[in-house]
Amino acid sequence: MSVETTDATAHTRALLTTADPHRKTTDRTMTVLIWGAFALAMIPLVSLLWTVLVNGVGRLSVDFLSFSMRGIYGGDPSGGIYHAILGTLIITGWATLISVPIGLLTAIYLVEYGRGPLARSVTFFVDVMTGIPSIVAGLFVVAFMTIFLDPGTRLGIMGSIALSVLMVPVVVRSCEEMLKLVPNELREASYALGVPKWLTIVKVVLRTSVAGITTGILLAIARVIGETAPLLVAVGVTESINFNAFDGRMMTLPVFIYRQYSQGLSTCQEGDMQCVVDITYQNAWGAALVLIVIVMLLNITGRLVNRWFAPKLR
Amino acid sequence: MTTTDSPQRPARPGGHAERAPARRRRRGTTERGFNRVFRWIATGAGAFILAILAAVALFLLVRAWPALTASEDELSDAVGRIPEGTSLLEFVGPLIFGTLLAALLALALATPVAMGIGLFISHYAPPRLAQVLGYLVDLLAAIPSVVYGLWGFLVLAPVLRPVWFWLGDNLGWFPLFAGQVSATGKVLATVSVVLAVMILPIITAVSREVFLQTPKLHEEAALALGATRWEVIRVAVLPFGRSGVISAAMLGLGRALGETMAVLMIISPGFLVYSLEILAASQHNTIAAYIALDFAEASGLAVNALIATGLALFLITMAVNMTARAIVARRKEFSGAN
Amino acid sequence: MAQRIDVNDMNIYYGDFLAVEGVSMTIDPKSVTAFIGPSGCGKTTFLRTLNRMHEVTPGARVEGSVELEGVDLYGDDIDPVAVRRNIGMVFQRPNPFPTMSIRDNVLAGVKLNNRKMSKSDQDELVEGSLRGANLWNEVKDRLEKPGSGLSGGQQQRLCIARTIAVKPQVVLMDEPCSALDPISTLAIEDLIQELKKDFTIVIVTHNMQQAARVSDRTAFFNIAGTGKPGRLIEMNDTATIFSSPAEKATEDYVSGRFG
């Protein structure tokens, strides 16, 4: 009896310990590969952020942030990005002013009213619109504006319209998600109090989801503020400060980076202490650092707004 | 409260849109009037979006038309890059080819890695860390493309150059690696690597979501049959997520097709050639990069030609995106039916 | 091929929370053991520790030992994958793989272990397992159709066929009939009687009549209150549990006074 028991035990132990070595190897290999995939993706992220930081931080100074490039030639290091920061803020600001009402109202339409073929096609084409190449948005604005303006005209507001084409679908998507999170019970409670639907939407639905909508808008701004190609096409470049989006070309940070990059190295005369050979690249890195800081701030603020101010619905 | 004095409609739960005709027939008080106005405003905003998309297509077509109908001589006179006796199609064809080649290579590089990251976040990473790690990958999407261009040109190209030389020396028989390897590293292969990094977060985000949606039931079924973690993924997770990953990849493809700055800043462009030699200089260009390169200097018919090229890009990306969205939509119906 | 299970002083934790406390029992080979008790008393949690399925839940851990024929399942040299291969599990809701045909569902577990299996061996195994699950006659003409096209009861029997195809020692069943109609339930109960000729079977059920009908021995689990751990109150021959239980709580439960 005891011999039999020992045999059975040994047999069971064999069953429970023998794993096919081939399967085990495959499992381990895949685990390594999958961790590796993540590690691989971190290499460009770390390398990129590190490069921008190291190369950009040296160029940062009060002068760099508060001067424009007006009258700056060659290797002269006294120029700055004030005009580009200003242009970026103004153009993105106008784009936000255009996109948010359209995007938010469309989201309200889709969540609160949308039924039938119109709503279905709006949903589908909003998704499709997120895939419009940014340069095509720029081309569209130029093609469209020739109705009103001289073909060679480039204005800040044209860039804002181009950015809006890219921004509206993002705003619609995120606002739609947030409005859907508002529980139906809240709406019904409001109707039961005799509050009309539009007031319910404004006072209850939007009030409840305001944190999420703010987050969505901030992330949408972060997404378009780094766009270059449509601005290159629709706004052009300038070296001076321009506050007016409706009059003349404007500079923006992304376009500034591209422009500095494309000017390449400067030729310096020997003994010219004021001349820096790679000043254009330094300018580009400095502006890239400022741009990334702005984008990251928008991202982080967006996420924090949602975390801190979102009502607890669940 | 107001509904108590309307006996023909005793209960109206939630105010659904199916009831709208009944509401419209009623004589409106001021409130009802504004209710209607508000509905019109919201509906109008939705319709306006469709109008924008239609306008994009329409204006591109209208402004491209002169170039589409111009003779070869007119074109080559107006556009310096188009030699005598070359049609618009013969000029745009290689650009389309370059665009597709760069985007497909990027997709081939990015998809396996993105699936790996998706699985890492959904099934491998410690649950508490997963969200933070996912956010790190999302950061890749937050970096502006012009910064990718700068980085690709000044950092990545020099790093990859020896790799491309090695590939050219050892695998030169393979059509993609044939030809004279560029000494600068500013070639389509480098562009594809940068594009792959840029579309990685898009593909990762979608595949992560579908992998997370895998029914626990199916994963446990596989586990109970004595499957290892990888086998659970092979048997239960990947079949479930397949269509989601396909549509994610197509969304990434759409993004890679339209990317401008990273290509413009890295590649040393070539025109009028259909070439597979991705390690050689001046063999390719993409539509978007070509437009950005020449637009500032163009005027007259040259602008029309550039817009015609942009129209081609618009149509290609729309086709890719609509296919991707249709797959997503069909998948939703499919999983809803179960 | 059936083996006995000895559980010694088992504590189950989710993080710091003690979910099940101090369970010791012996489960006889080639018999049906039923776990009954009110909702939340830890019977499913406990069942899942018998083939280490609880390890899927983050933070879950156990103290004590589960021995299969004298071998501790939680020993250092034991491979959890091998444990689950030898102690199969059937779930509350039928879960055939939706992308696989009926045939591939049955072969799913075997294909993991044995890459090269001749077509005729596969056919034989599919037929044997489906016959074992009383499903062969209903599906033999549509083996290549997806398993999700079957009715709920058929799907559950397909899952049983899939489980027995890997030839486990023990089959654990977690409320296998709770999602099924009465006729399908009866079919599964008949099947359990067939299966106990070859396998050790442990079944969790909410349905006391079912426990009385199918099981040889019954274990009653109970919980003292919310936030308290579940405990094994008593375990005995099914007839004894239902006619003359030793504990007052068991009597209250089986006579329907609570739970």
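Per-chain residue numbering starts at 1, and chain names A, B and C are given in the order in which the chains are listed.
Please note the rule applied: contacts are C-beta pairs under 8 Å (C-beta built on N, C-alpha and C of every residue); 3 or more make two chains touch, one makes a residue touch a chain.
For each chain, UniProt lists the protein as follows: A = Phosphate transport system permease protein PstA; B = Phosphate transport system permease protein; C = Phosphate transport system ATP-binding protein.
From a predicted model like this one, the values you see are computed outputs, not experimental measurements.
*Asks:* As a test of whether you follow the contact definition, which chain pair has the most C-beta contact pairs?
*Replies:* After counting contacts between each pair of chains, the winner is A-B.
*Asks:* Please name the chain that ends up farthest from subunit C once chain centres are defined by their CA atoms averaged.
*Replies:* Here the answer is chain A, farthest from subunit C.
*Asks:* Any idea which chain sits dead centre by C-alpha averages?
*Replies:* Minimum centroid-to-centroid distance belongs to B.
*Asks:* Distance-wise, how many Å sit between the C-alpha centres of subunit B and subunit C, to the nearest whole number?
*Replies:* One centre to the other, that is 47 Å.
*Asks:* Where the centres are mean C-alpha positions, what is the separation of subunit A from subunit B, in Å?
*Replies:* Computed value for the inter-centroid distance: 15 Å.
*Asks:* Distance between subunit A and subunit C based on Cα centroids, please, to the nearest Å.
*Replies:* Measuring from centre to centre gives 50 Å for this pair.
*Asks:* Can you tell me which residues of subunit A touch two or more of the remaining chains?
*Replies:* 23
*Asks:* So which bits of subunit C are touching at least two other chains?
*Replies:* 81-82, 86, 112-113 - these are the residues of subunit C that touch more than one other chain.
*Asks:* At least two partner chains per residue is the criterion; list those residues in subunit B.
*Replies:* 228, 231
*Asks:* Subunit C touches which residues of subunit B in the complex?
*Replies:* Residues 127, 215, 217-228, 231, 235-236, 239-240, 338.
*Asks:* Per the contact definition, I'd like the list of subunit A residues that touch subunit B in the complex.
*Replies:* 23-24, 26-27, 30-31, 33-38, 40-42, 44-45, 47-48, 51-52, 101-102, 105-106, 108-110, 112-116, 118-119, 121-122, 124-137, 139-140, 142-144, 146, 151-152, 165, 168-169, 172, 184, 187-188, 191, 193-194, 196-198, 201, 222-223, 225-229, 232-233, 236-237, 254-255, 257-258, 261-262, 281, 284-285, 288, 291-292, 295-296, 299
*Asks:* Where on subunit C does subunit B make contact in their complex?
*Replies:* My answer: residues 51, 53, 56, 58, 81-82, 84-86, 88-91, 93, 95-100, 108-109, 112-113, 148, 159, 162-163, 166.
*Asks:* Can you list the residues on subunit B that touch subunit A in the complex?
*Replies:* So the residues of subunit B touching subunit A come out as 1-2, 12-18, 31-32, 34-35, 37-39, 41-50, 52-53, 55-56, 59-60, 62-63, 112-117, 119-121, 124-125, 133, 136-137, 139-140, 142-151, 153-156, 197, 200, 204, 228-231, 233, 251, 254-255, 257-261, 264-265, 288, 291-292, 295-296, 299, 303, 306-307, 310, 313-314, 317-318, 320-322, 324-325, 328-329.
*Asks:* Considering only the defined contacts, which subunit C positions touch subunit A in the complex?
*Replies:* Residues of subunit C touching subunit A: 3, 68-71, 73, 77-79, 81-83, 86, 112-113, 169.
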